[in-house]
């Protein structure tokens, strides 16, 4: 999609959820956003979110630290977003 | 001791205890025997016991199988008997 | 064998879970249990707050449990993980694995804990004994190392 | 930390032992328990008879426990081993290990079981469901292999 001229104006709606210090820095636990359809991967989305303000910038400052899940399944930065409905960002897990 | 002529007639008294199929083959759970002071190791004692009759011969038929303990501590065939008071022979352990 | 997964705020009773797993069965030879408890960190901690990702927590632990069930011949597998506030001395997590033989039960429980630590979406934050809110507990690289002992 | 060793004919309650080990303590982060149970071998077994060497059994398990306590930073260590007749579904052995962190607790419990299997002077004989007396259970070479994973 990203190689067609009109792609940059296409958007789609996704639910974003945040946990722990990612949630605190972003300033909300969840939101529904219209994201550019041109965003292909988890890393693309994280970089796009970083442009949305200071809180996002702080949350995604170190891109190698924040983890993601697509529809409740762990996803690496290079994973394609596909048609995921719920996308989560969070710090490394510390359960158990 | 074993290189002095009189050693073979010297004896000392030890308590022998047997477990599981070693006990069954020997035909008794324990006995106190006067053993030749010339017997230096666990293996020497096992070989000497083997000459005491069919039951002992059956119990010690395969010398590599029977295990031993000197005063409640596991001992290898080549271990010196020392001044052990209670010497045990038994099959490989199957607890746990 | 269907693994049992529970994510709950309430405490749990390992004894009852162990008993339930082996009740009426005569083919189980080994049950290994792991209980993870909240430490007071030499008196500096008043509680741990456990945040989790509802929905994904259950799904992810179920995936790890299915992986364990595929790797070892298990007769029972259970994982309970609490969320919310947990006080020092209280239980946080329980894993039970039952099998005919001990090696499978030990390895499956060990594997479950390594993956719960690194993959289950839970985050711990400290509440300090002096009344202040501490930071988020940092992930330990040795937990990642532990998980990487298993080839999956 | 003084290990608790018990050799007994009676059954035991793992729940009570787990509770006792962590009662009133807030420095324990992990408790691993291993329960060894009597299997019915697909219905062919009516009981296991466990013969043991009184005196040496306690001494040998205490030596293995002391070795575990020297190798891992343990806050609790317990081993209970039954002798006499044990029926299918009943417990034979219990090992508990407690530590600040899970790796030590897992490894100590695993180590204790490997060494109980190969060094504790117990011998199992089968009583068959058809009323006959079966043979003595043969030692499994994989138990020796398991024990040799540890360098002591």
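Order of writing sets the labels: A, B, C and D. Residues in every chain begin at 1.
Here is the rule we use: a contact is a pair of C-beta atoms (placed from the backbone, for glycine too) under 8 Å apart; a residue touches a chain by one contact, two chains touch by 3 or more.
Computed from a predicted structure; not experimentally measured.
S.K.: With centres defined as the mean of C-alpha atoms, identify the chain lying farthest from subunit D.
M.R.: Looking at centroid distances, A is the chain farthest away.
S.K.: For subunit B and subunit D, let me know how many angstrom lie between their CA-based centres, rounded off.
M.R.: 28
S.K.: On a C-alpha centroid basis, what's the spacing between subunit C and subunit D, in Å?
M.R.: A distance of 23 Å separates the two centres.
S.K.: When the centre of a chain is set as the mean of its C-alpha atoms, what distance in Å lies between subunit A and subunit B?
M.R.: A distance of 74 Å separates the two centres.
S.K.: Which positions in subunit A are in touch with at least two other chains?
M.R.: 96, in rising order.
S.K.: When you check subunit D against every other chain, which residues touch at least two of them?
M.R.: Residues 36, 102, 113 of subunit D each touch two or more of the other chains.
S.K.: Kindly provide every pair of chains that touch.
M.R.: A-C, B-D, C-D
S.K.: State the interface residues of subunit C toward subunit D in the complex, per the touch definition above.
M.R.: On the subunit C side, the touching residues are 13-16, 18-19, 22, 24-40, 42, 88-89, 100, 102-103, 105-106, 109-110, 113, 146.
S.K.: Within the complex, which stretch of subunit A touches subunit C?
M.R.: These residues of subunit A touch subunit C: 17, 19-21, 69, 72-74, 88, 90-96.
S.K.: Looking at the complex, which residues from subunit D come into contact with subunit B?
M.R.: Result: residues 36, 50-53, 55-56, 59-60, 81, 92-93, 113, 116-125, 136-139, 143 of subunit D touch subunit B.
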